[in-house]
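The following pair of complexes shares a single chain, chain A, combined with chain B in the former and chain C in the latter.
Presenting the complex of A and B:
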């Protein structure tokens, strides 16, 4: 722990800390470009020069490369360093174009800031400026290479940190070029990070091109709602439109970066068909009227037909506050406890994570630091993309990654893959088989082992089996940690609030006792298994009430529709897959964007009190109104904390903070998994989420459309050959939920004896995370 | 003695009036007679064009950022040739204080002050000027500057052909 003096201030730092980082701890900002906390230093930009007065090597040094030493004396503001940095700044500007007014980075550009700070204003050099030809890098990233200052941050982010393969640095001397070998879409699922990493405007967000200036954006710390990881983000909006999302820092979760699904999947907020008006059929209502009708109807039905007649349905998209208030409203009107998920198997898997596994959960940070990660039934890039990047960090620091999965899993790092079918996965986890023992031995040999549990693939039963493996692999010195992947942003929160045993939504609906269904920010038609049966069951209802902010198909069927706000328009809490209770703050107010009201031209020339389309209010406020309470959010959260003691005290949390994990409990879930017998000549059905558009939020995001993939059924070539089918053939997939016409794709990286379909925008009928089921694939047209 | 003071105070105003009756009048008979304003007088703002006749404004938001009363709003858009322009641009002259900070901030010399101060209206909404009302057909104070010719990106001319630019580099070239 050396103690050094920087600008006459003493600081003690851990061994290996650089002078730049030590200065940061003192609040002294040394200008820099190439150094980045996640990427380290390469000493490419020469901007962070300081003078070492006392130390092994005296004189002008690059502070990002010099390690702190005991008794070192460093000055950052002496004449020599200041002049050197001013010259560096001047030479970095030699070739930089004069285009700040038309550059999207303007206003949040590190180069702009450093140039102004160093006092450089006039170009003294009269030679010609170097120019480049730009590349077309796809729908997300715009390139303007003339602006480049060769800090190498983009290539270190894209290639080294995120594991992209199609981007690099080319050329020699002052012709160094950062891009692809030839034009084309950047293939990595983390390409957007080079926008955040670039200290100037070489790479900018194409979907945000020329939309706003940084100083005009409304920004607030938020939580990414697209998967269960709960990465920290900062969405930005202006004129009622959510325009971009940039990554924020949470070292326990995402670190410094986010995936493209989170970054470019935010335009569901601006969906042109987004419902913003309370309606009963074709009648327009005010929100107050609609709430009144909801309350009256629910109480009336309960009086007439008993507490079973009204069913409330919460969701993993809704915040913790909303789900909790929904439960309280159910108590108030005297109906049965609400279901908090339309998809029971997913919900049960989340409950195992929230109760049984609670004392073994670990953050993404622990995954990054692990020396052995075994992913079981998990496809990180589809279910939780940033986990893929975390696995890469584990590998980069010497760890190993092993994956057991039936799908053709790809990862941005070296890993060992064992292709097993879903039933073999359960055998692997039963603790008695040879493979199972080998797995335990492997985990026992590691110092910091982490098991990644794919909740969708394993289900509650598989998760409970995995718990036993984790217990067997733990010893007195260290625990074998578990990092579960769940269905949605607040799956853990919904699981934590609900009782461990529940009936299926469908069985309850089909019992015909239910007269009224209230769906809060969920659409079982898209999110529940067996959605055809669900659609039929809807006709048995007397009243269907939907509260949502997406134009889902269910909202069309609704008798009463009440608009709510998207997460970026309200405050709330999500609990991520490892139980981290995270708050998000409102970014914009709900209203029709000016680009819509003005139809692309200037905004309407009229004076009005209320912005059009500003009816939606947060769903937790709706339920507060129904409960007749008008408390503010802190009071509500205090009450919730008292009622649910596992939660962290809300006063200690703040949006954008690191946050803490909820307390663990001794309660246990009791679930069993039965492996059904396979019918003759059948294949195991594996439904996997598509990388883009599997969650409803990204499905309704126009920006992500170029990434949506065509629907197909994938078979191992061996299985295809056994059925006399060829790649690209039109086939029929016969499942318990009905037959589907799909195109066949052969893939030799998947398990034999399985049929794989992706749930996404082009194929919505089968939903991932169901129980084990079997299907048949044959050629020809189906009758249905 | 208030009476004596009142009598004494009765005459001086008449004297002042009488004395000024024969002086040359200073009142300008506006609007019959137009005042001559200095060249750098700051009144109504306009959006000028560059020497090629293209809109100078690139909707960079610097004027609206500099505006102390927030009377400028705009939205940028991209033309097919990559040119950034204002899809709409609005100045609320009911709010404008004619400080001229926007013209100082403007990096493309697009927004300029004119000496036209006659912009009073009965309806405040008529003081909200849109881009069509603001755009003029001349270069304003400077008839030489064209931002896109200096910017260093290929909009006004292909990349590498603007003044003081070398031709685009061949990145696959390994010559020293």
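Presenting the complex of A and C:
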């Protein structure tokens, strides 16, 4: 822990800290470009020069490369350093165009800031500037190479950190060019990060072009709602429109970067068909009237038909506050406790994570630091993309990654893959088989082992088996940690609030005792298993109430519809897959975007005192109204903490921080799994989320459409040949949920004896996560 | 690594050359180290390296095209655009400069009627500036293919151009 003096201020820092980082702790920002906390220092831009007055090597040094030493004395504001930095800045600016006033990066440009900070205010160079032809890099990223200052951050982010393969640096000297071999869409699922990493306007968000100036943008710390990892983001919007999302920093979770699904999947907020008006059939209502009707009807039905007659359904898209208040409202009106998920097997898996695995859950940071990660039943790029990047960091620091999965899993790093079927996965975790013992031995041999548990594939039973493996691989010195992947942004939170649940939505609906169903930010037509049966069961209802911010198919069937706000329009909390309580702040107010109401004119010519389409209010406020208590969020959170003691420090948390995890709890161990016998000549059905559009939010985001993939069923070539089927053939996939006509794709990287389908925008019928199930694939066409 | 299915060299490498590189790449821990060798073999056969040559090299060595392109565009002795049959690299570094390198460059431009970066109409010569060729003892010097020429006087230049023209017509 050396103590050093920088600009006459003393600071003590951990061993290995650089002078630049030490200065940062004192609040002294030394100008820099190539240094980035996640990417490290390369000493290439020469911008962070300081003078070492006392130390092993004296004189002008690059502060990003010099380690802090005991007794070191450094000055950052002496004449020599200041002049050096000013000249470096001038030199970096030689070729930079004078386009700041019209540049897409204007106002949030590090080059602009550092140039001013370094005192280079007047341009002396009058020669010709170097110019380039730009490349077309696809729908997400715009390139303007003339602005480049060769800091290499883009290629270090895209290739080194995120593992992209189709981007690099070409040429030499003052001709270096950052781009692809040929024009074309950047292939990486993390391509958008070069927008954040670029310190100037070379790479910018194409989907956000010409929308807003940075200083006009409304931004707030938020949590990505697209998967269960809960990456930190900063969405930005203006005039009622969510315009972009950039990554934020949470070193425990995503680190510095996010995936493209999170970055470009935000336009669901501005969906042209988004319902913004409370309605009963074709009648328009005010939200107050709608709530009144909801309350009266629910109480009336309970009085007439008993507590079974009203079923409330929460979700993993709804915030922790909403789900908790929904439970309170159920108590208030005297109906049965709400279900907090339309998908029981997913929910049970999340409950195992939230209860049984609670004491060994680990963050993405721990995954990055692990020396051995074994992923079981997990396809990171589909279920939790940033986990793929975390695995890459583990490999880059010398760790190993092993994946057991039936799917053709791809990762942005070297890894060992064992292709096994879902039943073989469960055998692997049974603790007695040879493979199972080998797995335990492998984990025992590691110093910081982590098991990634794919909750969708494993289900509650598989997760409990995995817990035993983790326990067997732990010893007195260290635990074998578990990083679970769950269904949605608040799956953990919904699970945490729930009692052990054995009853699923369908069984209860088909019992015909339910007269009224209230769906809060969920659409079982898209999210429940066997959604065909659910659709039929809807006709048994007297009243269907939907509260949502998406134009889901269910909202069309609703007798009573009440609009709610999207996460970026309200405050709330999601609990991520490792139990971290993360708060998000409101970015914009709900309203019809001015780009819609103005019909292309600006400013809009209609003057009214309420913005059109501003009816939606946060769902937790709706339930507060129903409960007749209008407290602010801190008071509500204090109440929740008293009721749910596991929510440690909940009332003091703020959006944007590292935040903390929920308390441990005694395990429940209530779920058992059975491996059903396979019918003859059947294949195991594997339903996987598509990389884009599997979560409803990205499905309703037009920006992501270029990434949506066509529906197909995949078989191993051996299985296809055994059935006399050719690649590209039209086939019927026969499942317990009915037959589906699909195109066959052969894939030799998947498990033999399985049929694989992707749930996404082009195929919504089968939902991933659930019990083992079997199917048949044969030629022909079904007219079911 | 080389794929099992047959690689089509699209006429950029002869069969022996292709077989040699595939075999050699298979023996190496880092086939990437062969990038320059393959590119130079393609250049020798074809005069320059077209996009297909970059892709072929990547296929042979099991790399991405961008990995090869990064190397190909870094070196000015790998040509990614068509050049004349005799690309003339004229040294512009200090020893040659102090021994009349600028005059030599001027002379070549005059005699061939082209500027740096251009190719004569008959497709024989391309003039290119080069950093130090490593033959300071022969300053002022030029390099054509793998051979150095220098020190060059005005007469030497005439003779050299004449000889290469003759060689080309034979």
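Operating definition for what follows: the second predicted complex is superposed on the first by the 778 of 784 C-alpha atoms of A that agree within 3 Å, B and C clash if a C-alpha of one lies under 4 Å from a C-alpha of the other, contacts with A are read in each partner's own complex, and residues count from 1 in each chain.
Assume contacts are C-beta pairs under 8 Å (C-beta built on N, C-alpha and C of every residue); 3 or more make two chains touch, one makes a residue touch a chain.
None of the values given here were measured: they were computed from a predicted structure.
In the overlay built on the shared chain, the residue A:180 is in contact with chain C alone; chain B does not reach it.
For chain A, the partner with contacts to more residues, out of chain B and chain C, is B. In the superposed model, A:612 makes contact with neither chain B nor chain C.
In the superposition on chain A, A:129 makes contact with chain B only, not with chain C.
Judged by the touch definition given at the top, the superposed model places A:215 against chain B, while chain C stays out of reach.
When the two complexes are overlaid on their common chain A, residue A:738 makes contact with neither chain B nor chain C. When the two structures are aligned on the shared chain, A:166 is found in touch with chain C, with no touch to chain B. On chain A, the surface touched by chain B in one complex and the surface touched by chain C in the other have residues 170-172, 177 in common. Listed in rising order, the residues of chain A touching chain C in the complex are 165-172, 177, 180-182. The touching residues of chain C, when paired with chain A in their complex, are 51, 54, 64-67, 69-70, 73-76.
Residues 58-62, 64-65, 75-78, 84, 87-90, 107-108, 125, 128, 130-131, 147, 150-153, 159-160, 164-174, 176 of chain B are the ones touching chain A in the complex. Chain contact summary for the complex, chain A toward chain B: residues 97-102, 106-107, 126-133, 144, 146, 170-177, 209-213, 215-216, 239, 594-595, 598, 600-603, 605, 607.
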